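Next come two complexes, and both contain chain A; in the first it sits with chain B, in the second with chain C.
After this line comes the complex of A and B, so read on.
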């Protein structure tokens, strides 16, 4: 467990020869514990409700991370699988009042099965064709949710007033015991993070990455590309399905409307989370979800409701385009680059005999504005010459 | 029997009408893809923008409809050109990034339309109000006008690509961008030009649709998907394919909606698209070569 955690935090920041345990892994571990204090820190239950939304988004985004970031397949049906999980949960609660412990695996498995059903035809193609076939399937599923009124009640949707089953004396009722419900959701968010880490570290995860990097090469060393893509898609679907259960418990409602998991808006928003957070980092989706959920809230607090929903979306859309164009590795990637710049500049500066304060200043500068300090490779060459 | 025949021809007429609009959207998509390998999803929002600009220019007859549509097309074309210069040209090396940028632009453009025009629905009354009736088939003159206009535009586009200097440059760039650059073709500007062309075509489609149905801020997405289905069925990058596929998709969809259940209208198109992509991943008229590189 400790080694897994160490390897995990090590991978977030890249590996540094010395002192990185204290400098990087400990802060990250502490930061990861911070959400545990949210009920004490957040002043209103509305903010706590947002934190629950963020935790649910983390689970969904982690699923997308597996298929999009690791396996390199741009699935546009991911949030639809989330909606599928939500419908499964809503129906099972509505008709059979299933307990949470049974809902979570069944919603996950239904969404995973949905992913496999889409994947079997869709993975016969790759690249854009795959993206667009998944999009077509997403649209078809939205139409099914809309038109199969006998099961889904069409555009009205299903409303269920249910809380997760109590655990002994602990109730997870979202009206009176919101913090408890928050901890439950947060727990599953942590599990999903751990799941992503374990998958990424495993042989399976390495195979996914091999397929992303070079499908032909992967095939030539005997990897069954098709089966592995399906596995990745099913795993990502499972995450989405589990998140669907919490979505239903939290929202009490699921419908195939324009701001529902079935909408293109959510598809785009989850891609945004991963790209803003960082495709190349295991914590990318977590960072992205936090930015997307709390970003508009923060801006609205500072600039007194300057962000209408429409403007928020304009900002998100621009951010998505900008992050692809300027920072393809997202916040996590930029932080990593920045940290590397700080460490290297500090070392080089000291080696060239600059005093500590000057070196520290330069190093900090290089971390925040990497392009503002002289080219380090040039520095190296100078040093070699002299 | 006679009534069934009438119904059949009525559906065929409706199919022809909608096919022209699909073809305009699909042509933009297919030309842009053929040159850059970028799947440009934001073209649906350019269509919406075109519809709303047409509406504003038209302004209850101050500028007549025939001027409002080209004016809107010009504005949207310029916007598309600007966006290409600002964003898409940086993604030519990795077309999938261009795709993601276009997803971001969907959010931006859609909400700019909402901010500027609000989200209530609007419509422009048809310019020609006569309705011809031939053997029970009702054919509004306005729809014939739309069909004739789209046919003329498509013919112009074909002629332009075949016979003008710019058209030859476009085809050369589609064959091999680097070789074209070596021959002294300003590849950058040819590509920027196709983005402008795609935007203008979509805006024209939007303007025409505004006179055929009710439009609202979200209606572009639906035509984008249809345009895409058409471009994919025809084979991304093939302009002949786009036109033939527009007729196939338009007819299939209208017929299926007319004779089977209407509420599954969109599903028929997507089912057809998935089927074609699975049997022939390069589409009906898709060439190999560039496309295979992009698909793999």
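After this line comes the complex of A and C, so read on.
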């Protein structure tokens, strides 16, 4: 605590990792607690249902974050792995009535195994070839789900009539105890966030990033790039598989149709979530998932529900395009840049002898106009160090 | 002195173009071996073949008696044969210290426990990079980025270090400093094999020099003998060495 305070008061340099500052960690921690109040705050069970969707999306997007943002591999099979987890759960419930506690690791592991099976040939290539190969595997999985009618009932899909609805004595039936189901899903969303944070800070995660930054250099110092990519893909698949269980609990149905996890629509949507939220932040996927789920609702509210669904999508889509254009680092990245700009401008302005109120005004302004911040040079740093 | 790395009749063709033709080189333990030759003579290709970044068409590379010709680059690095690159090669958005930590955790050091330095901070001091340890690697000046590239290879715990034109783009002072640094590295017991165009540097630090021309070895020996070799003068040193001395 004292060191954190010392950093806050004495050592705010523009280059100091913003995440280490108490000033930014505390608000983030408080914001992360906000979803706990959703059942009280959201006026309808329809909105709570959307919140559940958002929580599921957070788990899926966090998985994609590991392979796409950290390891730098554009996987187009990620949501299909989510579907694979959903099918695994649906089949295990239908045929063997497995309990939740067994379903979650099983679906996760099946999806992780799927990822490894795709990764073994796909990671022989890189870049666009990798993307195309994963897309091909996603298509194959969709075709199998569509045509292996004996197992999957083809395009009709599997409807789960008896999904587990309690954990011990706590019931989370989606009809009568929707808030409980929300908390269960939210709990796993939190676990997935924690998982991403732990992976990012571990040696494994740092190695993933090194591979993204310079694969040849990583090889030259002794990193087995192929094995690490497979590991990253398996981890990301595990997240997707776990999310598949909640998808089945929530929807009671899985099919390989045009708006299912097997569709290209979802593949794109999840990549978009990460771009909107921010590739460079651990919370990017969370922000992206929230925007994608609640954004259309917000648009509807603004227009007082006067728009048809298609028109809502047009407005929302334009807003997304605008956000990607104006905030290329995503919401999280842009917020961080803004925060740095405020801190840097404040220090520079004070150093030049301007008064506090003027400096504060300038700093706030620079937060919204980042290019107005003076560039920091190495000379600056040396002066600060001495 | 015994050879720790030997390259035997190594050949490499790129779709019909012969980049290397039957090259034999022995690297002896503890020495600094220079590798010189005009542009396109196959120097970097030779390094690529030795370190696994390119697959030799024929011939054999053995490291401490073990055939490593067909091993992958990371396997070779973990055996203690580590290279640097001509280009500025760092992990750009990662801090200088974290750059070294990645290599520290990945290389030969982790494979056999051998370490040249106590920890990353020790290595930072050795390189003189301590003041900028927390800056992102893309933000530091070129000369320091070069040192960081060298540091990454050192962090991996090499027994044999292959340096591909480490002085390219450096000014005279920086080159001289690099020469000293290489001297210190040899002092740690690391064998160095270096490609370098800066003749003054390579002549002053090398125990022996190998000269490549058009994919063939045309001379080998002490720096003085090589500089006096008539073939060498005619293909390469002639104008260049005359100018610099």
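Heads up, the rule we're going with is that the second predicted complex is superposed on the first by the 320 of 386 C-alpha atoms of A that agree within 3 Å, B and C clash if a C-alpha of one lies under 4 Å from a C-alpha of the other, contacts with A are read in each partner's own complex, and residues count from 1 in each chain.
In this section, contacts are C-beta pairs under 8 Å (C-beta built on N, C-alpha and C of every residue); 3 or more make two chains touch, one makes a residue touch a chain.
This one's a predicted model, so the numbers in the text were calculated from it and none came from an experiment.
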| item | value |
| --- | --- |
| Dominant contact partner of chain A by residue count, chain C or chain B | B |
| Partner chain(s) touched by A:271 [first = chain B, second = chain C, both, neither] | first |
| Touching partner for A:133 - first (chain B), second (chain C), both, neither | first |
| First, second, both or neither for A:314, with chain B first and chain C second | first |
| Which of chain B and chain C A:97 touches, first, second, both or neither | neither |
| Contacts of A:155 with chain B and chain C, given as first, second, both or neither | neither |
| Chain B versus chain C as contact partner of A:219, first or second or both or neither | second |
| Partner chain in contact with A:207 - chain B first, chain C second, else both or neither | second |
| Chain B versus chain C as contact partner of A:301, first or second or both or neither | neither |
| Footprint overlap on chain A, where chain B in one structure and chain C in the other make contact | 216 |
| Chain A partner contacts - residues on chain C that touch it in the complex | 51, 53, 72-75, 77-78, 82-85, 89-94, 98, 101-103, 105-108, 110-111, 131-132, 134-136, 139-141, 152-153, 155-156 |
| Touching residues on chain B, where the partner in the complex is chain A | 39, 87, 90-91, 95-97, 99-101, 103-112, 114-115, 218, 221, 225, 228-229, 232, 236, 261, 263-264, 266-267, 270-271, 273-274, 277-278, 281, 294-296 |
| List of chain A residues in touch with chain C within their complex | 15-16, 203, 206-207, 209-210, 213-214, 216-225, 378, 381-382, 385 |
| Complex contacts: residues of chain A adjacent to chain B | 74, 121, 124-129, 131-133, 135-137, 139-140, 143, 146-147, 215-216, 258, 264-265, 268, 271-272, 275, 310-311, 313-314, 316-321, 324-325, 328 |
